[in-house]
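Every chain is named by a letter (A, B, C, D, E and F) in the order it is written, and numbering of its residues begins at 1.
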Amino acid sequence: MVYITRIEHFNAAHKLFNPKWTPEQNEVVFGKCANENWHGHNFELYVTLKGEPDPETGFVFDVKKLSIIVNEHVIEKLDHKNLNVDVPFMAGKICSSENLVIAIWEQLVPHLPAGVALHCLKLYETPRIFVEYFGN
Amino acid sequence: MVYITRIEHFNAAHKLFNPKWTPEQNEVVFGKCANENWHGHNFELYVTLKGEPDPETGFVFDVKKLSIIVNEHVIEKLDHKNLNVDVPFMAGKICSSENLVIAIWEQLVPHLPAGVALHCLKLYETPRIFVEYFGN
Amino acid sequence: MVYITRIEHFNAAHKLFNPKWTPEQNEVVFGKCANENWHGHNFELYVTLKGEPDPETGFVFDVKKLSIIVNEHVIEKLDHKNLNVDVPFMAGKICSSENLVIAIWEQLVPHLPAGVALHCLKLYETPRIFVEYFGN
Amino acid sequence: MVYITRIEHFNAAHKLFNPKWTPEQNEVVFGKCANENWHGHNFELYVTLKGEPDPETGFVFDVKKLSIIVNEHVIEKLDHKNLNVDVPFMAGKICSSENLVIAIWEQLVPHLPAGVALHCLKLYETPRIFVEYFGN
Amino acid sequence: MVYITRIEHFNAAHKLFNPKWTPEQNEVVFGKCANENWHGHNFELYVTLKGEPDPETGFVFDVKKLSIIVNEHVIEKLDHKNLNVDVPFMAGKICSSENLVIAIWEQLVPHLPAGVALHCLKLYETPRIFVEYFGN
Amino acid sequence: MVYITRIEHFNAAHKLFNPKWTPEQNEVVFGKCANENWHGHNFELYVTLKGEPDPETGFVFDVKKLSIIVNEHVIEKLDHKNLNVDVPFMAGKICSSENLVIAIWEQLVPHLPAGVALHCLKLYETPRIFVEYFGN
């Protein structure tokens, strides 16, 4: 079993807020991240597949094809977007990195070919903060 | 003459648009960067001073003090903000990195002590795009 | 289950030596790292928690609070210190990165709120050497 | 149990091709990576051991010794080489990173001292693509 | 005057050798870099323009357009190529990074629009070696 | 004219203090950096030469030879040392990065071959602080 990872990136705006709370409550919990006029990040997304290398190609999966799939179904929906406003699969969710990485997983899995096992998604929100998700 | 650089960072939302143009013209020129709902970045700001080391301290200028000045007068005004909406010194300017780095220079210089020479500001907008400004 | 990581840093001096050995034996085993006058590093500490995102906040745990806890109970005790001399929780221990990461774990866990699960500590001693510890 | 990682690097040429296929088939599958005149990479190899720190040294294993072993038995055989042509332990294998990381594992393990457990090899082929292998 | 930099990358094979010398002389001078079967690198190319921001766009020059020009006229000619064999503009030149960066300059300048000033090219050959060229 | 840079690294302990001052004065000026028991850093040293590429080799100067010279005359005197205590060429100087980079310049220049022009030294003290020196 070998694990192969492709790193993609996107730039997006977001804010953290819970619509059930007042602005004041949001600021108490989320601080600067609740700024009503948004802030943003350069996100880095690590997509890791696992599998046995194909004897004919030496590949677990062709990373160029992986990149195309991830760009089509994830990056194009997130890059230069507002995560709270522009992204259907984040609708109704608090835009934390934790919720975002789970939503990306759910978004990506149906578009991977049968037999291709997604092992992990890792998402850097800043150079010093990242989340990881293994599918459950 | 020695040059000393301190790196600071901030996260912000922005969009590129010229208010004199229609949304269509803005999209033609700025592409995804014109998304009306904003996008954002993790910015890295390199602040470089030049001078001769003080014989008593070995310092061109104390980088801890430099960091405090830059945080008070620049970072706090930009971090977790919307550059187009929340930042008085960007009002009426197109929020390109070029205009931002010039505006940061003008914002920072009056707050540096007499005799401290600002040499260069370097601003990373993404890991693959940066601007530099030397004051004129 | 989502994993969230916050990276902190500290600068410290140390040396590797076993007080039961002669200086010559220490030099044979530890080489340059046994220099009696110390050497030092910029350490990078990755603190990883695991948990399910809170439906109200989207957070496994607020990384700002995590940063405050790690700074108060770990970084302030290590930053700009001599690991062999100035750090009570390293007293009597050989100051290898392996022993240091275990000691940081033991130091940090009692200060995490009930229900917050520390998953991993990763400690870079140089850009090319790091250790990881999962608590046992 | 503590995990310790040492990072080494090497520069090498390679191409991806399956000798059972025509050049056209190779180009369909491998694209630019099939360029008959080769291309190349700066590879970064992460070697991770696991074990309990020795009470006398604080070491899972001396990383300087690990570096010497990895350099002698892996890096010197790969650095500034053509992976398809110059490396006996890649003979007859498709030079994908997946196959390379498995071959490095098999090459390295016999040269580690008894009792030293190799946990993982991680190999960066570009700054945005890497593979990991845990021995089976 | 503001300087704006865009970073692009390419992977290529090369070797260092002077065709006027014997293989032995080449090995004496170039060492491992003369390996007749080639080696390779992940190159990073920094392209820096200088100019005054356009009042209508805030841009010195649109970095997306710069990226397209650099990719069309430089990166596509170098990426996944053998620098000694596959690249017409390196024909008859020793494939050092010094000669490569000068050749890229000469290749790129005619394709920049009138009035766009190329200030500097910086080329990383490995993470620890780079060259810079300012046009003369 | 082409500029070529080689990056080297060393790990060292130091403290900032002025022997003419009381410990209290040193702490007021230097803060945590004055800790009497030392702290330390992973330093990165960028050594930049300038010149015209030799037509026979394509080199401004052989970076392998440069690396050997820098290691013999600079790195071996600094690596795993205490900058205040173990380094003759820092004796009597305050161990700031500014003073260190000037001293490295003076130490290195006499050991470069005639005709080799040292252009710049850049020294990272932490990932967020660096100094540059051009020889006067």
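Basically, a residue touches a chain if its C-beta (ideal position, glycine included) is under 8 Å from a C-beta of that chain, and two chains touch if they have at least 3 such contacts.
As the structure is a computational prediction, the values presented were derived from the model and not from experiment.
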Intersection of contact partners for chain C and chain D: A
Any chain that touches chain F and chain D: C, E
Greatest separation from chain A - chain, by CA centre: F
Repeat of interface C-D, chosen from D-E, B-E or A-B - more than half of residue-number contact pairs shared: B-E
Chain pair showing more contacts of the two, D-E and A-C: D-E
Farthest chain relative to chain C (centres taken as mean CA coordinates): E
Centre-of-Cα separation between chain F and chain C, whole angstrom: 28
Whole-Å gap separating chain B and chain D, where each centre is the average of the chain's CA atoms: 41
Separation of chain A from chain E, taking each centre as the mean of its C-alpha atoms, in whole Å: 33
Shared interface positions of chain A, touching two or more other chains: 127
Which chain pairs touch, all of them: A-B, A-C, A-D, B-E, B-F, C-D, C-F, D-E, E-F
In the complex, chain A residues that touch chain B: 9, 11-14, 32-33, 35, 37-42, 79-82, 85-86, 126-127
Interfacial residue positions of chain A with respect to chain D in the complex: 1-8, 53, 56-60, 62-64
Residues of chain D that touch chain A when the two form their complex: 16, 18, 20, 29-31, 93-99, 101-102, 127-134, 136
